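Following this line, the structures themselves.
Next come two complexes, and both contain subunit A; in the first it sits with subunit B, in the second with subunit C.
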Partner chain A sequence: MRRVARALLGSQYALMLEYRAEIALWALSGLLPFIMLALWRQAPAGAHLGLGSGGLDRYFLSAYLVRQFSVVWVVFAFEEDALLGRLSPYLLQPLHPLWRYLAAHLAEQLTRLPFAAAIAALFFVLNPGAFWLPSPGGLFLAWLATLGAFAISFLLQSLIAALCFWSEKASALERLLFVPYLFLSGLLAPLAAFPPGVRAMAQWTPFPWLINFPARLLAGLPVDAAAGFGAQLAWIALLLPAVLLLWRAGVRRYTAMGA
Partner chain B sequence: MRRYLLTLRRFWGTAIAGQLEYQLNVLIELLAAAANLAGSLFILSLFFRQSGSLGGWSWQQALVVQGVYTLLDGVATTWLRPNLGAIVSHVREGTLDFVLLKPIDSQFWLSLRTLSPAGLSELLLGLGLVVWAAPRAGGSAGPLQLALALLTLLTGVVILYALWFLLAATSIWFVKTWNATEVLRAALTAGRFPIAAYPPALRLLFTVVLPVAFLTTVPAEAILGRATAPWLGAALLMAVLSFAASRAFWRFALRHYTSASS
Partner chain C sequence: MIEVEGLSKTYRVAAKQPGLAGTLRHFVHRRSREVAAVRGLSFAIDPGEMVGFLGANGAGKTTTLKMLCGLIHPSAGLVRVAGFEPRRRQRAFLQQITLVMGQKQQLIWDLPPLDSLRVNAAVYGLSDSEAQRRIDALAQMLELGEELTRPVRKLSLGQRMKAELLAALLHQPSVLFLDEPTLGLDVNAQARVRGFLAEYNRRTGATVLLTSHYMADITALCPRVLLIHQGALFHDGPLEQLAARLAPCRQVRLELAEPPTSEALAPFGELECLEGRAASLLVPRDRLTAVVAQLLARFEVLDLEVSDPPIEELIGGLFRDQPSAPSAG
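For the complex of A and B:
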């Protein structure tokens, strides 16, 4: 088992290193939180969020970093593999294909690390006042929460990817999932800015636990850690069996492309 | 000229006939566009919870900017993405050779080959929002105003096209520039909000380096009847210059084209 994991991760990392330039561009294309930060800092509404001085800067930088390490693209990779017929040999191997995608994501995150660090460094050079070092305990919790966020996104997308067995255009469905993610996750506005009714409703969806919760942990802002981790675990417990069941049902009716 | 018009009709006829195969997708796109607009309006409303203005723009005026952005996004999805996104794969797979051999301008072929109805819903939603919000924000619909609004929208589209084409054309050297256009797309989302809402340094950046201001804020100003001569002149100049640059750059890039695997 360990040998398989090492071989998968090693080969995927080597593959991702080939695409360094591409991954750097992806890291750049996530700069939306910084645009939003500029707006929030300028607007009077930004002062009413209860984040304290510098809290806004820390929140949006953290949101950027959390997003960088919880980006998931299973649907797109899977759709391409299914359309090009690469899926059939993967299914024959004595290894669940999702493990391969998981290894690719982890390897890509490792490749992303230097670029994300460079952007954070640049952010601090431009805003020396915002500099902070999270406490080791806080950093550990934030890392756990980011991992939880990655797991939930991965499972959500795998659920949609499994629908590829029934429809050839699952990426269109992914768009429908991305819209609530974008607006409810806290990437564009911290959840503290939402009206109380919307905030209460959003908390019953998986989205705020994907950005808002880990970002607040990383930024050292007050947050109910127990409730956050509880919600993340609940979503993982709900999604994991659903993905496995749907996948099994899908493989059973899979006839390979063109059959 | 007639030959080009005739070719264009053939191009778009076949493209739409091909896309009609996927009717369910159109429905999904409509749903996604509506949800996207609702989400953007929600985020915009957050800025108005504490005060009545965002960078000096009222809620209804900011809605006009949002509408223009949605409209331009629709143009990008319908026209720019399917065409200019394909340049990268033409270069990678060597099919650009076939395009260059055709007895027709290659930039014309690459820019107008296809249309995707996926962005039509965004076009309609954006137009609807502008038409709804403009009179409420104090815009009046005189003939001069309408003409200026159309002119600035046109310059916005031309600038967007030229920027996108310039980036896509760099694939002649770098092959994989698909992500570069993604970076452009991400940066252009700044156009969802009036330029005046940004800090001064970013305002300068979004006007001179990455002309987001000319894409949404200037057309919105014209729609609201607040267009000033210097801004109109700058928008026109920017559009002409960027289009000329895209043309010159394409000629330059083709001189460096060596076809795939050679």
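For the complex of A and C:
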């Protein structure tokens, strides 16, 4: 399996480097947290978020970085492959097709790294007061939490992707999830900005664990790490078998259209 | 190596009338109908055989191939390939088969074929040295060299097809399902692919099931053909037998010293064409010898050739003569 992983990552990284200009544009297009930062700095409510001095800057920069390394597009790639018949050769090889998509995502993250680092550096140049270095332990935990966020997003989208076996345009479902993701993940505002009722409800969805939790860890803001990792593990444990089961049922219905 | 018994596949397809009214009706009350793409197919193929799979567009050839390689599940019937039930897609089964589709590609478009080959080698558990040995051997047979280091998008159609074949055969499958492997290639490239397939079959003893719209592929490679029509098996046997079955007549082409009249030729058979001194007649097989003798006695014959009508025309004629069922690919 190690050889397969190395070969897949190597080829996908080579492929992503071919698309480096596009990936740089994707990294740039994810600047929403910085726009939100500018708005929250002006808003009187920003002072009551409990983030402390400089905490707001650190939170939104962290949200940007977490988002960059947890972006998932498997449903769109899968849908296109299924419609154009590219899925068929994958299904005839002794390797689950999802491994290919996973390798493509990890390779894309590696390609994004320098662009995201450059944007973070520019942020510090423009906001020298916001500069901070996370502790090695904090950085490690934030990396783990970002990995967890990526795993949840990947599984959630894979679940929707598996619905392509029933409906050719399952990606429309993904768009349904986008609005709650935008509001409840912490990308537009830290979860602390929401009323207690909404916060309590959000805890039972996967969204706060995708941005808010890893971003707070990275920014060094107070957060219940055990509860966060526990929730991430629970969502992964719930989604993984669901994806595998739905996939197995879907493959039985596969008609190999377009191939 | 391949055993098929009573194999059937039925698809459910939406039935919608054209136009706005049809669209609205379909939106309110969605209706569908069942289309039988394959109906009760039975045949067996021995190890090492090269078998041609013929049929018009929509006859069910590709659907059958997809069921044989496990890509889609049959609606009914039994299939065993290399001792496995394809639909279960066990690892040991997938290691033994390959499917090549002329219009589809598995190579990564923006990278050189070698990158895809490395992935395939790892997926099929080949060591680096074994993979390199096989790549070298197959590349030599396919006359591929520096093309393997150029991005796939920069290769010609023929080069790309050869690279696809290399990728599909790297794990040395013992059963090859080839769906139009020479589609779109020029005559030279077609001949090279054909030569390669024959050589691969000779060297490895692989079983090959081949569909092609180019009859030259079938005549050059396949001593046996399966002809499928409207999802059912129409013929299983040598190509010549099929020709005899489809064409009770043989074609007699004549070149005479003097231009004949059509009335003079009419008693000898069905006159296909008459152009100056050249004529072509269709003569029933059982009367052939007698008719040729009479022609030689009656006319001054400069040249005479007896042949079967082209198989493409025979098969085309068969499909034109029978009402068509809904097609399924």
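Going forward, the second predicted complex is superposed on the first by the 257 of 259 C-alpha atoms of A that agree within 3 Å, B and C clash if a C-alpha of one lies under 4 Å from a C-alpha of the other, contacts with A are read in each partner's own complex, and residues count from 1 in each chain.
In the analysis below, a contact is a pair of C-beta atoms (placed from the backbone, for glycine too) under 8 Å apart; a residue touches a chain by one contact, two chains touch by 3 or more.
If you're wondering where the values come from, they're calculated on a predicted model, not measured in any experiment.
Novice: Subunit A superposed: clash or fit between subunit B and subunit C?
Specialist: Aligned on subunit A, subunit B and subunit C fit with no clash.
Novice: Have a look at where A:L92 lands relative to subunit B and subunit C in the superposition and call it first, second, both or neither.
Specialist: It touches subunit C, and subunit B stays clear.
Novice: Counting residues of subunit A in contact, which comes out ahead: subunit B or subunit C?
Specialist: B
Novice: Let me test your reading of the model: by the given contact rule, A:R252 touches which partner, first (subunit B), second (subunit C), both or neither?
Specialist: A:R252: touches subunit C, not subunit B.
Novice: Classify the contacts of A:L238 with the two partner chains as first (subunit B alone), second (subunit C alone), both, or neither.
Specialist: A:L238 sits against neither subunit B nor subunit C.
Novice: Using the superposition on chain A described above, determine whether A:A7 touches subunit B (first), subunit C (second), both, or neither.
Specialist: Touch partner of A:A7: subunit C, not subunit B.
Novice: Once the structures are superposed on A, label A:L31 by its partner contacts, choosing first (subunit B), second (subunit C), both or neither.
Specialist: In the superposed model, A:L31 contacts subunit B only, not subunit C.
Novice: First (subunit B), second (subunit C), both or neither: which does A:R175 touch?
Specialist: Touch status of A:R175: first partner only.
Novice: Is A:F194 in contact with subunit B, with subunit C, with both, or with neither (first, second, both, neither)?
Specialist: In the superposition, A:F194 touches subunit B alone.
Novice: With both complexes overlaid on chain A, does A:L122 touch subunit B (first), subunit C (second), both or neither?
Specialist: In the superposition, A:L122 touches no partner, neither subunit B nor subunit C.
Novice: By how many Å are the closest C-alpha atoms of subunit B and subunit C apart after the superposition?
Specialist: Superposition on chain A places subunit B and subunit C at a least C-alpha distance of 6 Å.
Novice: Same subunit A residues contacting subunit B and subunit C, which ones?
Specialist: none
Novice: Give every residue of subunit A touching subunit B within the complex, in rising order.
Specialist: Residues in contact with subunit B: 21-22, 25-26, 28-32, 35, 38-39, 41-45, 47-48, 169, 172-173, 175-176, 179-180, 182-183, 188-189, 193-195, 198.
Novice: Contact residues on subunit A for subunit C in the complex?
Specialist: Residue list for subunit A touching subunit C: 3-4, 6-8, 10-11, 14-15, 18-19, 85-86, 88-95, 252, 254-256, 259.
Novice: So in the complex, the part of subunit C that touches subunit A is made up of which residues?
Specialist: 11, 66, 69-73, 89, 91, 94-95, 97-99, 101, 104-106, 108, 110-111, 115-116, 118-124
Novice: Would you pull the subunit B residues touching subunit A in the complex into a rising list?
Specialist: Contacts found on subunit B: 22, 24-25, 28-29, 31-32, 35-36, 39-40, 42-43, 46-51, 54-55, 174, 176, 179-180, 182-183, 185-187, 189-190, 193, 197-199, 202.
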